[in-house]
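Here you go, one structure.
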Amino acid sequence: MKKSRLEAFSDGVFAIAITLLVLEIVVPHIEEPGELGQAILDLWPSYLAYATSFLTIGIMWINHHTVFRQLGEVDHRFLFINLGLLMCISFVPFPTTLLADYAWGGNGEAAALTYGITLTITALFFNLLWRYAAWNNRLIRHDADPREVDGISRAYLPGPFMYGGATLVALVSPEASAALYLAVAVFYVGSSSFFGREEAAL
Amino acid sequence: MKKSRLEAFSDGVFAIAITLLVLEIVVPHIEEPGELGQAILDLWPSYLAYATSFLTIGIMWINHHTVFRQLGEVDHRFLFINLGLLMCISFVPFPTTLLADYAWGGNGEAAALTYGITLTITALFFNLLWRYAAWNNRLIRHDADPREVDGISRAYLPGPFMYGGATLVALVSPEASAALYLAVAVFYVGSSSFFGREEAAL
Amino acid sequence: MKKSRLEAFSDGVFAIAITLLVLEIVVPHIEEPGELGQAILDLWPSYLAYATSFLTIGIMWINHHTVFRQLGEVDHRFLFINLGLLMCISFVPFPTTLLADYAWGGNGEAAALTYGITLTITALFFNLLWRYAAWNNRLIRHDADPREVDGISRAYLPGPFMYGGATLVALVSPEASAALYLAVAVFYVGSSSFFGREEAAL
Amino acid sequence: MKKSRLEAFSDGVFAIAITLLVLEIVVPHIEEPGELGQAILDLWPSYLAYATSFLTIGIMWINHHTVFRQLGEVDHRFLFINLGLLMCISFVPFPTTLLADYAWGGNGEAAALTYGITLTITALFFNLLWRYAAWNNRLIRHDADPREVDGISRAYLPGPFMYGGATLVALVSPEASAALYLAVAVFYVGSSSFFGREEAAL
């Protein structure tokens, strides 16, 4: 298995998962004239959930490249850890729909918890993927910059804790939890744009 | 992040969004024999909306390449502007369904407005993407033709105004607005085929 | 626009359209124990329609490569003819669902007609694409074999007539028409496998 | 038809089919506050079916590369056998939904049988694909290692029997059959990770 093929396949799964997110936004069924406008505005939780998951998957795709750029080769265990990561990414449209449909209502807790658990497990897989590759430079290419490799190791560490924390917030306030998921993504885009560093990863 | 990977990922999102458009056309549920033919013909607003969005996304994909062909490199801010643009492109199937289901009826105004606002924001992102790259030749490749770069800058300017104008028409006549969205795409295909110039962009 | 990018984008649309076909096969809703088996068997029109469209799009993808292998360059008009062809390919899941749901029943005529008209228009676009490229060797690469080019021109000619004929059969017998669409694809696969020639096109 | 294009197209179909699996998991419709959590947990058959099919398609994608890495060229018959294989892979979301909705209930037998028959036919196509290519080294590249080629031939043989056996188990216990499909995939991932051999195929 060449690294480039694995990267192309992964890119495909990222691109499809991110584009399927729109299917979550269901066109309202309106009979009365003039009521569609309000119904479209009432879908704001769907737009928020769409933006949150789109940015999050987009950032994870960027991080995936940050990992792969440091690799010299891949082995079988790496292949399956990557498959597990893709299984999480592909799953995201389901909790996204949960978040859109229920986060702002009486069932918000279960929706925000499910969304947060999904992202936390995804962040754990990202750490596993990177640490498996970086352990004793197992799969790192020979001309990689050690400081860059260490920088990525440090940068990926907080991800599961951040998402785990936002998940726990759901027990107190599902709305705050949903806002935090979006805030994490927007904060990452902002800081990464400002500092211009890819390893400021989530 | 290499330019070629970003281009391949973007191409994937464009290809998936354009192919998902067909899911908007829902097969009618008919019980009586002989009534299906009329029901299929009655779906003409769906076919029009499908053609409009397919051509529009297709043209935007061509324009995306026009931009990328002038680039020498990409940076982090460009990466996120591009992600925002893809978030708009991926969103298009939703207002397309709105347009198909409601543009020719009592709720046409809200449907045509939503469609137009989506395309206007997309056109704004296109201008932002290009102007960010072209500003002081920030990301332009060294051997780019300055006249071609200037030509693109001029050609992308009218896009938001054209779509913004067609959006405003929705306040008077949703049907005219929907027809304008299609006309803009057909006009672009026609003039671009006639003059053979890519920079006659939308 | 480089030929390779246009080919990759087209491949993406073909791959997505062919994979979306499965969404047409809807899992039956069964409450009583032991009745699912019969319900799964009763979906045979869906399996037939799936196989017909899968083979047909697969063959068209092979033909698309036959065209592109002869090309030296692409121009703007070719780009838009190709976009029109992709618009037909992406549309196929809709008439496929019509065929599956209605071809064997009181509304078979309208379903089989719509399916046939779609394939006929697609075959016309294929001829337009090829003839535009081959006219006076406009876009043909310099080292192309003239006999191969002529062979493709001859091979693509019957396609619209074959599909047009199968479409007309729908006026007499929708079932026979549906069987013909599948027979055309199977016959192509068989003869092309036997003779090993790609230009035995549909 | 160059081998690399066929591989890229096949990769696209694998990536799309694996990502469409999530559409099988339908968000529950809940009105009462506090009932969503239980409803999400009650979807465990959907999560199991998702994981089973995701891992199975992922492993088949890896095996597909194992085949292609040994190829020097492709011919027309190979092209169509590959199309038949892709038709099976693309079909998997349908029996996956059957398995999720019915395997743990009064209609489990029909669901588990349909799932197993699909995987058995897919495994048969894999054997056909490989044996067609490997027969007298028909399509094998000249510098291929004969022991590796023989190893693949041996490794692919048990696949149809394993899936055929798990299918027959459905006649006795659909639940055991569903568990076996997952166990086969997990066992493959485990043994392949442990031995680090790609040819330990399914």
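The letters A, B, C and D name the chains in turn, as written, and every chain counts its residues from 1.
Methods note: a residue touches a chain if its C-beta (ideal position, glycine included) is under 8 Å from a C-beta of that chain, and two chains touch if they have at least 3 such contacts.
Everything quoted here is computed from the prediction, not taken from an experiment.
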item	value
Co-neighbours of subunit C and subunit B - touch as defined	none
Relative to subunit D, chain with the most remote C-alpha centre	B
Residue-number overlap at the subunit C/subunit D interface, same or different (half cut)	different
Subunit A on subunit B, rotation in degrees - Cα superposition, rounded to nearest 5	90
Interchain centroid distance [CA atoms averaged], subunit A/subunit B, Å	26
Centroid distance [mean C-alpha coordinates] between subunit D and subunit A, Å	26
Separation of mean Cα positions, subunit C and subunit A [Å, integer]	37
Of all residues in subunit A, the ones touching two or more other chains	8, 12, 16, 20, 23
Touch-based graph of the chains, sorted into line, ring, star, complete or other	ring
Listing of all chain pairs that touch each other, if any do	A-B, A-D, B-C, C-D
Contact footprint of subunit D on subunit A as seen in their complex	1, 5, 8-9, 12-13, 16-17, 20, 23, 75-77, 79-80, 83, 86-87, 90-91, 93-94, 97-98, 101-102, 105-107, 109-111, 113-114
Residues of subunit A defined as touching subunit B within the complex	7-8, 11-12, 14-16, 18-23, 25, 27, 30, 32-37, 40, 50-51, 54-55, 58, 61-62, 65, 189, 192-193, 196-198
